[in-house]
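There are two complexes below, and they share chain A, which is joined by chain B in the first and by chain C in the second.
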Partner chain A sequence: MSRKRKPVTDIQIAICGSAGDGTIAAGDILKRAMARAGYKVIAFDLYPAEIRGFGKCIARTRITANQVYSMKQKSDVLISLDDSHAIPHVDEVCDYGAIIYEDNPMSKVEEGGHISGHAAPAHIPYGIPFREMSERATGSARSRNMVAVGYIAGLYGMPQKIFHEIVTAKFKGKAAVVTTGNIAAFDAGYEAGAATIRLDFGVLESRSRRRGKADLVMMNGNAATVRGCLDAGIETFFGYPITPATSIMEILAAEMPKTGGRLVQTEDEISAVAAAIGAGYTGARSATATSGPGLALMTEMLGLGTIAEVPSVIFVSQRGGPSTGMPTKTEQSDLNLAVFGVAGDGQRIVLAPTNVEGCYKCAGKAFEMAEQYQTPVIVLLDLYLSNRYEAVAFPEKNPFVRKCSKGVSRRGTGSPYSRYAITDDWVSPRAVPGTEGCQHAITGLEHDVFGRPNDQAHVHEMMSRKRHEKLEAAINHPDITISKRFGDRGKVDVGLLGWGSTFGEILEAMFVAQKEGIKCAAMKVVMLSPFPKPAVVPYLDDCAEVLVPELNYEGQFADLVTSATGRPVNRLNRVPGTPMRVDEILAEIRRLADGAKQMAAE
Partner chain B sequence: MSEPLHYVIIGTGAAGTEAALHLRQRDADCRITMVTAGRLLFIRRYELPKVFDGVEDWRELLVYPPEFYDEHGITVRRNSWVTNVDPERRVLGMRHKEEVSYDRLLVASGGGGYIPAGLSEYRHLLQRFATFGDAIRMRQSLPEGGRVIMLGADMTGLDLARKLTAAGFRLTVVATEQLFWPHEVSPRKRTRFVKALVAMGIEVIQGRAVAGIEATNSGGPARRVVMDKGDLRGDVVIPFFGLMPTLDFMVGAGVDIERGLLVNPQLATTDKNIWAAGDVCQIWSPEENHYRFYYGWKNVKMMGRIAALNMTGDNEAVDTVKEEDLFINANGEIDSPFWEYD
Partner chain C sequence: MTDIKKPVYLEEKLEEVTQSGRLEYRSKSLPTWCPGCGYFSIVEGMTAALNRLQVQPKDTVVVTGIGCASRFPFFVNTYGFHTLHGRALPVATGIKVANEKLTVIAVGGDGDAFAIGGAHIPHAARRNVDMTYVLFVIVIYGLTKGQTSPTSVLGFKTGTSPYENQDAPLNPLMMLLSYGAGWVGQAYAGHPHHLADMIHQAIAHRGFSYLHVLSPCVTFDKTTKTYKNLGVMVRDLPEDHDDSDQMAAMGEAARTEAPAMGVFYQKDRPTLGDGLQEIVKRARGTRTAGKRRAARQAAE
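For the complex of A and B:
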């Protein structure tokens, strides 16, 4: 019997350690080097729950030859930089996968405290004296993480030179000894790895380095969001830190001054959104970023943005809720709050990208839409998407329209400026404060076309209609994917419908189902509000069964679909705090496909 | 209810694994932990030459699949070196600075290839052949039809030699007195057996001594064996001079040691909680009135079983497989009961 190795590169490496171990840095170097070497890479890092202290960090990197859309359930390699953290993750290593660990710890280990005692019989252990090797190479144990990265690189024959380039770039600006030390530690690990006979079965075929694709960048969702903001010409940002949105503000704080932008950390989320709306009122492209609890605080102000028809962009990275909930766990349970969380009939635009590239596009387009439709636009991310790294090809030409506000034509003196004039497309010509001849009031009270408070029935009827009708055009907004269908064309047995970060898992499950011979399709819905009914309804018509997998308990998107289309859907709701499992989606697809076949037979 | 006993076995070879299996059969509730320096589960070592027939997947050599250990509730700690045993506290010290406690300990740590003092300075130029990794490395060093120079040879080495010859490699054996170890062979029979080896395609050089080994970079085979008269060139040089019991970690444990770990016919050491089985132990032979080794797959398996019985309350003595002689089979090739595995 000759067991053939899997032919195609698809290896997931998890590095687990304490916050002080350089775990995330090690993962970062690995993923950047592999992306530069021409592999497809997607990565997802988990940070400690504590803001300070030595909590657990895990950097997971999936390296493939072909594009994939989600992390694997089980890793092929687990590198432990801290056994106490890594031991609970041993069962996340696949059969015949590798566990690489410190073989010569500094101090005594409690009985049962060493990871070698927890490896399953089908795991392959590799004990390496990381600490000792780091000390020998650099005089200090601090570069253990680099020895570990070097070891895995050597073991799998990854391109050493590219790692050197990445390490050099990473420590650019620091003392030269930092770079040379880290490279020395990496090389020590590399040599040891290359000299080891590999007994696990992870597949990594060598690859010629990708050339001429300099703009393929490893980036996570939050960083891509920032790039979208910058390319769209963000001018002001107001924010208050909250996991997992904080890094949006952190990166913008470094980048915005370079283009003359302003960023202010406010005292809370209410001030942040109020300031963003205020800046939007003055004509500045303005944004804030928060998570579910922050959005809850912002809802009153967002109502003001809606009624006063002021553009602003609100990035919301969801985490486990309600309340403080699970700050470091992913979830998709703020859909209702984002779409419906407002006093009165306050519809707004809500976009939910499904991958890192989508974060860039939605971020940039959000500014366009906010300006064009004169409304707050929420971009709904989640922790998994915010922290997930993918190799993204950014367009060579900036794809975003910088000025798209419906302006005010030159005015004579006679008629007063009506800020809320009823027009064919329900969008009123907008003048920013200080525009000559365009004095007007804005208010949170219902108002007439001039902005004067007015609660008469016909005025409220008209203005309510105006505020809703003008948004309908957004579902045809140019150059953005509002929804998209994948998989089999025409009638299918099972149609998946998804949103946000879970769509990667949905696609993976669909591909497997198709291989199994199930007629299957998947549609992602990027615009949650207004709901793109014209695209979704025909899709539902094609599906014998519709399955909506999402990371919330209540089935918030499923409810949205049913209320918007009147169609029932099957739900798959999970709240594990981690990404949806592909195998669970697949099991549901199989079950529904069986049912669909039976129905057809009867 | 009292705590289940914790049996710890050092070594996952034939002796240790057989013992674990019988311990489980005898005591359904006990804890069993096997500790091994190796990275793999128990493999059929005598099938390692299959790598020269193109076998790349070590799973084909597994004696039991991974599920076997789960199903039998046997914890296997691989890549874990025992550095010392403290019989007072009943703990093993591990190289990775963990202590593992035991109630009863079986030492089944086998033996490693013995390298004579005169050759030890050339260790880095010598190929080993004890693990799957060794076998892969050897295959990587051997070009098609390449030459292997086997120093010493013994029955383990000759087993490899005949398989390498069959796989198309050329074999030169630099023979010593111990050519057929552990068989003891009279001079007359030795001549016949050497002739049979030659007929099997194995070159046998006798009566000459090795003066040194060199690496060569001048193209052609990578090693030169400098002899007292003339040189030999080969791609790989591999020593087989019999086994040395692996028991350095037992020094200081207070049990009696001679060359091996000394045990009575019931395989008990001088410590009441420690037994030994397999290549590591030297068993008291009342008939011969001295301690002696019993090598080979069949013997060590039997020892593993008996150790398990006695650790769980029996009092059985080893009944070693009767020593049978080396012989020449119908094909005119040397053959040995030592080469029958089960």
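For the complex of A and C:
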């Protein structure tokens, strides 16, 4: 091969196998090693929906030199650890991409059962005897996945030593032979990969290992959420398992007690949020985590949190709905429930991070806000964000404020304590149980300043106003991005407006459109309620056309924008259960840009 | 247990109550219940018990759901949380988990507890949350003005059962015993001194205690569990009742035609708080063990 290998800066590798093949573990090692090597990494794993032994797993990892914001539509490499699962994914390999597979199957393969028969002419097949190599290196076929990771690492000239470090760290605490065996299998693969004649592959451009002071950590959205909780000083957590939020509770269960935190698995979501509010009432930082069906059960209790003005934090990772819907598929269709789901006028704070680092920030800030504005705060994630891995640089100094409560000054005045006193910022000094001389009862009934039930017109009007006005300050809460504009400054032909995990795809589409010469910008909105009108309206003023891509059928965010600003927007709604396609957003941008140009010409 | 019937003079009574210190536990709000409602004697019993136990009002939280009974927090001078219909127990659990130092008392009616809130009771009992659940049992929905409740007897005519109730009533005491509640007792609003004593014992018990208080709804139940009927139905538990014998307690609880007053069952076992403490210890233990191992390896 005379062609000189050029350095590549963007590869996406998909590893596909059945549960038990070590597919996810292989992807995990790959992404952690590449993050440690200084690359930007985004990864999104797919687990089987059904709990049967041999469900399909896919670990997709995108490795780049520069920051990217979403997965690619097509992968550059597909590694098959199980052909029956991988064959349907041959399509996702790009032209001149590689398919790497077992070329020495254990038993006779049926007609059409081998992946090599499905590769397109533009694909480059690499048949490797994974099983044999694993057996030779470790005496067992179990390390096939490591041979595969080693092979791809060798093929791309990835730093071998870093893989050794990651493998060693992963199996820390297990018997030493586990580590040595896995490293031997990796090395066997690596040698084979490095010795392979490449047809079209480049070598991964090398990176400096460390940029700045902060270490890059590979983490998914749920784990980053947990880290935010811990850094914000979470004291109690109550939850009921539900995909895709469960791992938040599972990681907290392991971590919280180390600092004296208390976690209880409750009998349902109603009790989970009830207990979180009970704990919040005592002054403790408390939270729960759920998905759409659980949030539906929680709405009555969240209304109580609003009217009784008790802090609590609710993490909601959305999945396909309605009802039990699609538990292992991603969607952004619980916005309405999160923002509006309550009996009566019950506005609350809703934050929706757009990436893994945002999960950390929003999680921690949610505790501050809940305490400061004395209200429930919902942090809205989705399956794609919960399970998506990104290399994140955490701040060295804990960025969260531990005490934001407006407490009572020393009591003993003899006059009764008024829990709901009307103040300048509409937030009342709060006394928690144990405070001498402030005994009072709080209630879900409308009440006067002392908390006593009262349904007179002027009382309900004043208290309704109090509960809404006090939240307005949240859109200026310090040290958190409430909304942010990217792309071209000033007037643009097409302005994208997005929220949640889809904003990654939106940015990618915007970059391509800009390269094509379209005047284009994108704004993310992190705080969905109260709606940050002062930032969004001027942006809408700058855009000839506004496009709102989101993963729901109804255009829930588009509705929110229109109802808050009175401006019409263009919608792009998709419900495939998988992330939004960048090319679809791009096609819409082009169409709108053409229209905007024509309008300008007329 | 029988209250001595002697004339009561208002001044004497007032003097006695003021002297007792009980008023410290009463709020300035007057109860909104119908005159004659059995719930009044429960407030009296509660304040007397708290006074005897000398728990500080500032360290006491009364948590309720929704119903006539659930208005309770407004009438006592403690911290109080009047929550949602059926949700007193999970809110109270959160409060206790977050602050073990508080004395937590949940109060409710039987619809609140066994209809809408039925899912929570087994779990509060099995986790042994260290709190007291005082249930005011009228056999009808009071606040919503007279519909059948889970303890309404067969044949009871109410707003929602104009052709007579066809649904068999629950037996809450048997349920609580089988859920593993650590303290189960029964009292009657018509016997206030005994009631106060039972509330006292229930609060003093470390763990989840359930006190079932029979109480007449003078407004909506004129036929079944009235003062007149309950007065003749109730009995004392047998002298030789062994309150560590769960099966014997079950047997007594099964006799619904003659509700027995007293402590059916009590047993000490680790509370939810104990369990959470243990988890913290283990989590920290593994960490220090890990450190020790690391130190040993470093030394080698």
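Criterion: the second predicted complex is superposed on the first by the 581 of 602 C-alpha atoms of A that agree within 3 Å, B and C clash if a C-alpha of one lies under 4 Å from a C-alpha of the other, contacts with A are read in each partner's own complex, and residues count from 1 in each chain.
One rule holds in what follows: contacts are C-beta pairs under 8 Å (C-beta built on N, C-alpha and C of every residue); 3 or more make two chains touch, one makes a residue touch a chain.
All figures in this text were calculated on a predicted structure; none of them were measured in a lab.
Chemist: Taking the superposition as given, does A:Phe400 touch the first partner, chain B, the second, chain C, both, or neither?
Modeler: Once the two structures are laid over each other on A, A:Phe400 reaches no partner at all.
Chemist: Now for A:Ser107: first (chain B), second (chain C), both, or neither, which partner does it touch?
Modeler: first
Chemist: Answer with first, second, both or neither: which of chain B and chain C does A:Glu267 touch in the superposed model?
Modeler: second
Chemist: Let me test your reading of the model: by the given contact rule, A:Tyr47 touches which partner, first (chain B), second (chain C), both or neither?
Modeler: Neither partner.
Chemist: Mind working out whether A:Tyr539 is in touch with chain B, chain C, both or neither, as first, second, both or neither?
Modeler: After superposition on chain A, A:Tyr539 lies in contact with neither partner.
Chemist: Output check: A:Tyr373 vs chain B and chain C. Expected answer is one of first, second, both, neither. What do you get?
Modeler: A:Tyr373 sits against neither chain B nor chain C.
Chemist: Of the partners chain B and chain C, which touch A:Trp499 in the superposed model: first, second, both, neither?
Modeler: neither
Chemist: First (chain B), second (chain C), both or neither: which does A:Asp95 touch?
Modeler: first
Chemist: Which one hits more chain A residues, chain B or chain C?
Modeler: Touching more residues of chain A than the other partner does is C.
Chemist: Quick one: is A:Arg452 in contact with chain B, with chain C, with both, or with neither? Answer first, second, both or neither.
Modeler: Second partner only.
Chemist: Between chain B and chain C, which residues of chain A are contacted by each of them?
Modeler: On chain A, no residue contacts both chain B in one structure and chain C in the other.
Chemist: What part of chain A is in contact with chain B in the complex they form?
Modeler: Contacts found on chain A: 1-3, 5, 95-96, 102-105, 107-111, 113-114, 116-117, 119-122, 124-127, 197, 199.
Chemist: Provide the residue numbers of chain A that touch chain C in the complex, in ascending order.
Modeler: 235-236, 238, 254, 257-258, 260-262, 264, 266-268, 270-272, 274-284, 286, 300-301, 304, 308, 416, 433-445, 452-453
Chemist: Which chain B residues qualify as touching chain A in the complex?
Modeler: Going by the criterion above, the answer is residues 39-41, 54-55, 57-60, 66-70, 75-80, 94-101, 132-133, 136-137.
Chemist: Which stretch or stretches of chain C touch chain A in the complex?
Modeler: 27-29, 57-63, 66, 73-74, 77-84, 87, 89-99, 101-102, 119-120, 122-123, 127, 272, 276, 279-280, 282-284, 287
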